[in-house]
Amino acid sequence: MHRRLFISAWLIVSVLTAGMAFGISSSAAASAMSSLSPETRMDGQETRSYGTTRTLVVGDRGAYASIADALSDAADGDTIRIEAGTYREYALLVDRKVTILGVGRPVIDVENNGEGLRITADSVHVEGLEIRNVPTSHSRDHAAIRFERASGGKAIDNILDNTFFGIYLARAHDMEIRGNYLRAYHTRESISANGIHLWNSNRAVISGNEVFGHRDGIYLEYVQESSIHDNHVEKNIRYGLHFMFSDDCVYHNNRFEDNGAGVAVMYSRRVKMTSNKFINNWGASSYGLLLKEITDSEIFENEFSGNTIGIRSEGSDRVKKYRNRFHRNGWAIRIMASSMDNHITENNFIDNAFDVSTNSRQQSRNTFEANYWDKYSGYDLDGDGFGDIPYRPVRLFSLIVERNPMALMLLRSMFVQILDLTERVMPTITPETLVDEKPLMRKVAL
Amino acid sequence: MICVNALNKKYGTLQALLSVDVEMESGRITAVLGPNGAGKTTLIKSILGLVKPDSGTITVDGILVNGESQYREMIGYMPQLARYPENLTVTEIVDMIRDIRKTASSRKPVQNDTPDMELWDRFGLDSEKDKPFRTLSGGNRQKVSAVLAFLFRPKVLFLDEPTTGLDPVSSSILKDKILAERDGGTTIILTSHIMSEVQELAEQVVYLLEGRIYFEQTVSELLEATGQTTLERAIAVKLGREPEMVTETGVAS
Amino acid sequence: MILKILKYQLRDVFRSRWIIAYVLFFLVLTDVLFRFGGDGLRVATSMMNIILIVIPLASIILGAFYLYNAREYIELLLCHPVKRHQLFWGMFLGLALPLVAAFAGGVMLPYLYNAASADAWQAALMLVFTGSMLTVIFVALAYYLALRFDDRIKGLGLALVICLFFTIIYDGIILFVIYIFSSYPLEKPVLALSLLNPIDLGRILLLLQFDISALMGLTGAVFREFFGTPLGMTVSVASLLLWLVVPVTAGFRRFLVKDF
């Protein structure tokens, strides 16, 4: 008996192969992107566009003691230069095409009086500010910086500390939100709001931002053709990234870590997600990535590691998932019966408690092909690089857990391993068609 | 001097000892005899403290045996089959026992300080001293065991089949030693199935049967009373008055 | 006195062939896993499966064998002025310590020369802790059985049955209970059941280390409280310690009054 047990244990371990090198952290890349110095930017562009532009200086040594005064004096094309210091102002209305430039990181302390900047003019550029203490409100969407029906603007390198909404875009198109640092401190979903919030705003570029502690780190609703990249979104209360009804967007090189419920993407078409990291999102209803009614999309070269569920797919059709890494997740992929025609190929599945699970014993209408499964114990006699025996990624135990979640307690127990082994030798219960006919013998190099 | 008084011991339903009273005097060799299961082992183990009797008292040189371990300083024990840790060498085993004795010692090291290595020398164990115990022959194991029993000049000595496995020369060396110790005033308790050996060494016979003392007599009295010349015969006669009874009751240990 | 006895015990055990085989088993296995899998974290995860099977089995069998073989030796020592409790600890530690050292050394050595990361070390130490606890617990169980039953076949057979029971059958029973009573709120009873089995306890401790992401998939407040906070770790370690104390105490008391 002892020998039997040992041999089967040996089989389990002998399949394991070399670990993977870590990718370069995307947050490091984000912080490395420094913007041009404010002086060059201002002199170059603005003077060419307008004949006479002024620079209005706010601060102890400037002409204006308050930002509000400067704003009311400014004309289109002017630059408002805010010197270092703390300005206790709020509800600042920006209705002219100005550049607002903080020098030496001036602080605008809203002191919980309402919103920070409200921008209603096009092409407003806000850079180098720190805005603090924007209060929670149940009736108004207070934001540190709000662009309202104002397109072509920029918010660059601002620090938004302890705010309700951070940057709020409503019907603001062609915006650039870059290199901002947003941090909020609420612990309850009901009294916190989103870090970067876009509604009905197309062709936005959101890059290199860091968002912590908000409700949703980045939220998009009715946003088309936008690019979200190199952001670091961590420890937000609900989703790191949350978007709905947003077609044709690209998400790449973002890092989503330890957010309450991970990343949720819903009701969108033609989404492209690549080279993102979905890390350590824990919880019974937490996902690295939740796909709900996502169609005709591509998810490739992402890393999913340490999540309770790597990807959960509901009602999502024609999604291609390839060249992703699934590492140390509870469930790498949970694909619900409502999802069809998905192609899952050339992914690496390593050290996941469960590789694939599904809520249905029906025929699978999704294709698993040529993935690398670390639990695969077949052989490749013809040397074509693919295992000669198909691999069934759905374990019997995962079906048991599906029906009786408490059974999860028995994970990795000898009894369960024997059950799984039996099922593997004589498949009777696991879905017959959810099978990788040509599992890879070696890891996909990523 | 060992006094056993009204000793009872039951193993489950089996009455191993039933109100046993025995005195074993110092300067004498007392043989404890009897068939298998008669209670010999239980009696000896009770005196050694390995078995806890249900009732009754035992004193060894006036010290009550009650679970304390100190009185065993006076005791030397040579088991029928000695098993020491297999991978220790003979020297290490001797060192170990000396270590243990030294650590447990309550007395100032005065008179019994130097260990008695006479047997070691006479058995010529020096040639074996670096061998692991597991590689020793049965005879050599027995020699080591004998050395250890006599090592601390015990006042009370238990010898369980002491000559088993010994060659005639070693056997007589051991017997000489036993007799010399007796003459030195040691209380010696002997069990053996070789009746000639008992006859040669022992003065007193305690015969146990079914947990009771069947008889207790000096060897010479026994021979005289039965009119036999050998102890074996004498016991046979005593037991059944018929020589044929010997095999049935199984005098052999 | 305990140290004196222990000293010679250790000398004896460390020279025996089976302890060397035991070290080599863990050493070679860990080393091979490092060669195959690379990073120390994965090695620890793979070792987990093996440790949960091999250690209880090896410890209980070796423990029972050892004590049965040492029977005459124990009697012999008890004829010297040695106190029983001293001898017990000498004999118990004399086997448990070498087994722990052999296992811990065998596992950790490859971590040393492969210069494992801090994360991997943490996992390895957790593994070594759990394995060591299981070693001591099952040696204690073995000692109790060997002292309780003078018949070696009976004692060894029972040791095997106990081991099999805790390794496999027990979890089968838990699964059965979960199935039968699936409509009842069973969180606490199931958790309690798991705490009653030292192997399950060890497994849960290691799951907390390696599979927390999966465990967090459990719904229900009790599980979340247990696995999501230090509570789980604390309760598991405490129960494991209790599991240690009970058989050791039982064996110890038996040893004090036993008729040899």
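Just so it is clear, A, B and C label the chains in written order, and each chain counts residues from 1 on its own.
Heads up, the rule we're going with is that a contact is a pair of C-beta atoms (placed from the backbone, for glycine too) under 8 Å apart; a residue touches a chain by one contact, two chains touch by 3 or more.
For clarity, every value in this text was computed on a predicted model and none was experimentally measured.
Counting only chains that touch, the fewest steps needed to get from chain A to chain B is 2. Averaging the CA coordinates per chain and comparing them to the mean over all protein CA atoms picks out C as nearest. More inter-chain C-beta contacts link the pair A-C than the other of A-C and B-C. Annotation: 84 Å between the Cα-based centres of chain A and chain B. Centre-to-centre spacing of chain A and chain C amounts to 43 Å, using the average Cα coordinate of each chain. Averaging C-alpha coordinates per chain places the centre of chain B 42 Å away from that of chain C.
In chain B, no position touches at least two other chains. Among all residues of chain C, none touch two or more other chains.
Within chain A, contacts with two or more other chains are made by no residue at all. Considering their complex, residues 11, 45, 48-52, 69-73, 75, 77, 79, 81-88, 92, 96-97, 99-101, 103-105, 132, 158 of chain B touch chain C. The part of chain C that touches chain A in the complex is made up of residues 29, 33, 36-39, 41-42, 45-50, 52-54, 57, 160, 164, 167-169, 171-172, 174-175, 178-179, 182, 186-187, 190-191, 194, 200, 203-204, 206-207, 211-220, 223-224, 228.
Interface residues of chain A facing chain C in the complex, by the touch rule stated above, are 1-2, 5-6, 9-10, 12-14, 16-19, 280, 282-284, 286, 306-309, 328-331, 351, 353-354, 400, 403-418.
Per the touch definition, chain C reaches chain B in the complex via residues 1, 4-5, 7-9, 11-13, 15-16, 69-73, 75-84, 257, 259-260.
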